[in-house]
Structures are given as C-alpha cells and as structure tokens.
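Got a structure for you, written out below as structure tokens; questions coming shortly.
The letters A, B, C and D name the chains in turn, as written, and every chain counts its residues from 1.
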Amino acid sequence: MKFNAIAGFSALALVSSQALANAVVVNQGLSEQEVLTAQQGWCNALVQISETHEDDGQAAAKELAKEVIDAAYGYQMGAVLFKPTLTVKPQTFRPTSEGALSYFVGGDPNFPSDSGFALKGWTQCDVDNNAVFIAGDSASTIGKVHFTGPDGTVTSVDKTWGFVKDDAGDVRIVLHHSSLEYQP
Amino acid sequence: MKFNAIAGFSALALVSSQALANAVVVNQGLSEQEVLTAQQGWCNALVQISETHEDDGQAAAKELAKEVIDAAYGYQMGAVLFKPTLTVKPQTFRPTSEGALSYFVGGDPNFPSDSGFALKGWTQCDVDNNAVFIAGDSASTIGKVHFTGPDGTVTSVDKTWGFVKDDAGDVRIVLHHSSLEYQP
Amino acid sequence: MKFNAIAGFSALALVSSQALANAVVVNQGLSEQEVLTAQQGWCNALVQISETHEDDGQAAAKELAKEVIDAAYGYQMGAVLFKPTLTVKPQTFRPTSEGALSYFVGGDPNFPSDSGFALKGWTQCDVDNNAVFIAGDSASTIGKVHFTGPDGTVTSVDKTWGFVKDDAGDVRIVLHHSSLEYQP
Amino acid sequence: MKFNAIAGFSALALVSSQALANAVVVNQGLSEQEVLTAQQGWCNALVQISETHEDDGQAAAKELAKEVIDAAYGYQMGAVLFKPTLTVKPQTFRPTSEGALSYFVGGDPNFPSDSGFALKGWTQCDVDNNAVFIAGDSASTIGKVHFTGPDGTVTSVDKTWGFVKDDAGDVRIVLHHSSLEYQP
C-alpha cells in the first residue's frame, strides 16, 4: 500500500484549503520560476549596462553595475564564489564586490587586467540551461549563455550559477563560474 | 531601480520556457501542497488503522501501523523527535520506531503505559493549521488537529510537525509534538 | 573499495590546511554547540526577566522581554510557529511578536488570558534534550525543560524548538511548542 | 544587551553537556573538514585511476572509475550539473553517469570526442581553494586544482564543486564545473 496515495485528489484539495484557511504561510523555498527569473534578470542587466555605457558613458555604467551587483549577488553574506569568463591569475577569482565591479566595468587600478566585460556592446543575452538543481532554499544551474555583440556575432560561454534566497526573500547569486568553450 | 523587475512578465515567460527547453530539473524543495498532502495522509492513515482494528483486530492494525510509520516517519535517518499526545515519563518521547508503533497500537511490554492511540475508533481527523514555515527542503507546521471518536465527540490537540524530503523524494515526518489543550 | 577512505588521516590533514591556505570560508551551518547555546540563552533570559520583574517591576521586565524576543525569535521572517505552555483558545498560538510578548509579561488587553509566564519568579531553567536534529542551516530539539519556582518547586514541560541561522549569522527560534506533561 | 552573551562560557559548557546527556543527535550538516575530505578524495581517486590504467589497463581503470563515480557523485538524485574541463559541443555537459564515465576513461562510442581524462598519467592532484560556502546540508567550493602529469608538468584548472550529504550521510558531488585557465 502506498500510504500517501490513500486520499483521492479532489477530496484532498478540498481538505487542504480548509487546513490552510486561517494559516500564515512563510515560504523560503526557491521555485523554478524564481531561478529562471534571476537568470534572465542577470542577462537583462548585462545588456542594460552595455546600453548605459553606449548612451551615458562608463561612469553611468559603473553606477548601474554597482546597483546590480548589490541587488543580485550575495557579497553581504561574506563572499561570492565567482570565476568570471575572462580573468587571469592572480586575480582569477572575485570573492569581493570590488572585484566583481571591476570585472564588469573596468577602470579599477587594483585590477589592471580588467577591461569591462559589460562594456562590450552586448545587445542580447540568452540562457540555455542544461540542468537545474533546486535543493530547497538554494538552487544551482549549469548550461550555455549566449551573448550577442554589436555586430551580431554570438559568443557562447559555459556558465554555472548558485542562488540562495536571503532573509528578505530576494534571490541572490552566491556562486558564478563562467568559462569560454574548450577549443581542442 | 528594482533590478529583478526589469523584464516584463510576458516576455520573461517566453524566454523562460526556451531556457528550460532541454534542461533536466531536479527539485528537492517541499511545496505547500506536499506539506498539506503529508498532513492529510497522516490523518487518513490514523482513521484507517482505527477501521482496520475494528474490522480485523489488533494484529492487522499493528501491521498497517508499522507500514505507515516506515513510510511516513524518518526513523531511518537516525531518530525522530516525537512527543505523542498521551505519553508519560520516563517514556514521554519516542525517538525509535518501536516506541512510535507501541504508542499507536499498544501491546508492547516494553511500553507498559501505551494503550494504542490509533485503536480508539477514530472516524475522522482534520487538520487546522495556524502557521506553516517552508524552509526549502524542510517544512514545519503548527496548529490544531481534531479527532472525531466513535460517538461523534471531537478531541482537539495542539500539534507541531516537521517534514523533510528524503533522497527518494518522499516527504517524511522528522518532528512531531502533540499535546492536549491546556486547561486553566 | 571505500573511495573516501583512500587518504590516510595525517596526510589528509596536511593537504587540507594547504587547500584552505588562502580561502575565504562562509559557513551558514548550525553547530551542536550553537543550538545548545541558543537553548540555554532562552533559559537564562527567562530567569533574567523574572529577576528584573522582582527588582524593577513589570515595565522593566516587559522592556527586557521585548529585547529578548526581537533578538532570539524569527518574527521578522514573517511568523513564528509558537504554542506557549499555558495559552487557551482562541489565542493558543502566537504567530506575532505581540502575542509572544503578552504571553511572557502579560498586561496586554488584546490577550486577556495572559498573566505573564516570565513573571512567575523563576530562579532556574534547565534544558534536558531527548533528541536533536541538525538539518544543516536549521535544527530542531525536543525534550524536557525544568523551571524552578521561587519556593524551589520544579515544573517540567515538554518542549520543541526549531532554530534557523539568519543572514547575519544569528540563531533564531522559528518554532516553539511547549506543553505541560500529560496527566493520565 | 547582547542576549546570547548572558551566559559565561565555562558555565555554559557545563550546562550543555548536561543538556545532551541522554540525547540522540542527528547531524546532517556538512563540516569544513568533510568538504576538504571530499575534494581530496576526488583528487586521490583521479591519481589512482591513472595508476590503475598504467598498471592494469583501460578495463581495470574503467571499473575503478565506475566505482568512484557511483560513490562520489549524486547521479542517483536525478542528474549532476557537470561541465568537465575538455568536453565540446554538443556533449559539453554530462548530466548522466554514462557521460561522466566516458569523460574519465574514454572508449564509449556514444561520446566519440572523449579520450579519457583520468588516463593521462596523473601522478599528483592538489586543491587550492579560493572560497568555500557551507550552506548547511550543502556546500560549494571554487578555486584552482593542479594536476601533475607523468613528465612533471603541472596543468591548472579553475574548478567549482557543489556537494550535498545524502540520506546515508555520504558527501556527494552534485555540481562540477571545470575549465582551463583563460588565455588572453
């Protein structure tokens, strides 16, 4: 006997709505839709930083990028596990928000090899997931992300993201590994 | 600017379905519906054990109860935090499945004070949640549960349940505290 | 072959310290010691509120209780699943901080049956766990808590606590079910 | 007043051991040491597969690799988010254990571009973490891993791992993204 299957669905649905009639529900779990929204939000922000750079210059792009990083990454939790696509030793990883900001918009003498990934005139950014793992209040994704440049050329990267939901209910990136496709 | 709100909903929905077109999704999170189903499953099983006792005797009820405990509780994880309604010292808590089984169907000389809570002729069991907290891959509920006895009398208890999802995707009770209402 | 057992312990310890030499570690897990500290912190605070009441009156006790509730419970997450020992219908559960404060120090016309549990002159509070379940970033405990009153009499209750770690790293009570021992 | 700091440490330690005297403790959290052990276990297994290949041929190496993948990865949970170092489209990702096995030891006509990463004569494998994030019952790491080849040459990769603890208490890799260092 499959114990959980005792109740028929329609009977259950009826009972359930009674069971919750007066209940407060706090839900800290991450839904599939929230994960997809966070991914697409990252893509949209990248394109928007590129457009801001085009229209209003690096300073404006930097201001927007700072806002995006503060809202979308989890640096306030202590560190983010971040390996951007184009970084080199000894600054391959960017566990601080300063390092992330420099990667996206450049211009920071402490990170001399950064030219600003978000300033490359991206016009489109598409997510193509290979697998999504929702662990509950955290989730991971792996797959391709395709960036369309100003001349229409598409650059594809292999990208892993780790997301958590913070106390305020906002989804934040705590892990981000991006790499160019392997060329044999 | 609220970064996550950049994308309009309809545009997002379109992109999202593309983003998942070829993706495998593993979801270990607990949904509200799964929590309610597990609660109602517990209630249904209690009534069914009572009916089995009525129809087929204690041995059959015990067999069913064992099946239910194995399927619905998390004893195989090491222990369940279980304080049944009517237990007394020094066997107030039932961290092992033997103690749980004895509580529900009695007849175990190692638990001499147990008369079998599930053998009391219950005809109905209703859950009335006060609050539900879904932490991701675990969830807790607190509220009243109302038991209707053979003569139609309703007994209400204050009940807390803690649920987790096991590796097989089944929802299991790892915490269960039940108490009679306080009489001033 | 047990794959994880390949490395001998001393060799591993050496390698491990190298592996972490330059690493930032963010740890949101709850340790056993943190759980015990939170439990004993609750007990200590209860006694301290009783003493403050004795020494400085209800208003001072109320101020301290408010401070304790804000620091130790998770009401800012949306709700706490709280069934205090001595509450009655229709206010059995206290999903809001107002209800918790009234339970501990009384004097709130919205909760007319509350006389103030923390004002009863408690001189000692001891935790005696039956089982502890650490799920990772949350934990649950069940067991007895023994309260020593002003005349030395000890009152024992059955108590379940659920704890989580918030974004700031503080341990908070999100679940609390307390009940008098069953009297057959 | 810092509520949790009320109790002095020595007094607390005393009380705590009493609080747990008779308690069962189930701990599903991941410790730092367990994460490091899992990382080093992966490294040791890679070298051991290389040695087995050297000594006993591909079939023996394949058998060992299968054992390692079954024990160390979480394929039985539904999928692993795996981007190996040297894979190419359209088989960049390896969400199934067949794909993982082929990557490590080659010889699978379904994955024609795989030559067997674990057969390259590795003599040493060292983990150099940049950041570790322990979320509770899951953990992520990012950093360099250095592979020493048969001629002493060291190859470094950027590697992200995600670990969970399964119901049996074993640590399993559910996420693995590896990439060659970016060459500007």
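Rule of thumb we're sticking to: a residue touches a chain if its C-beta (ideal position, glycine included) is under 8 Å from a C-beta of that chain, and two chains touch if they have at least 3 such contacts.
Worth saying up front: this structure is predicted, and the values here are computed from it rather than measured.
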{"item": "Subunit D and subunit C - chains in contact with each", "value": "A, B"}
{"item": "Selected pair, greater C-beta contact count between A-D and A-C", "value": "A-D"}
{"item": "Subunit D against subunit B, contact positions shared by both copies (same if over half, else different)", "value": "same"}
{"item": "Between subunit D and subunit A, distance of the C-alpha-averaged centres to the nearest whole Å", "value": "23"}
{"item": "Whole-Å gap between the CA centroids of subunit A and subunit C", "value": "35"}
{"item": "In subunit B, residues with contacts to at least two other chains", "value": "24, 26, 28, 79, 95, 130-131, 133, 135, 137-138, 143"}
{"item": "List of subunit D residues in touch with subunit A within their complex", "value": "79-83, 85-89, 92-93, 95, 113, 130-131, 133, 135, 138, 140-144, 158, 160, 162, 164, 174-175, 177, 179-182, 184"}
{"item": "Contact footprint of subunit B on subunit A as seen in their complex", "value": "1-4, 6-7, 12, 15-16, 18-33, 36-41, 44-45, 48, 64, 67-68, 71-72, 126-138, 143, 165, 170-171"}
{"item": "In the complex with subunit C, residue positions of subunit A that touch it", "value": "24, 26, 28, 76-79, 95, 137, 166-167"}
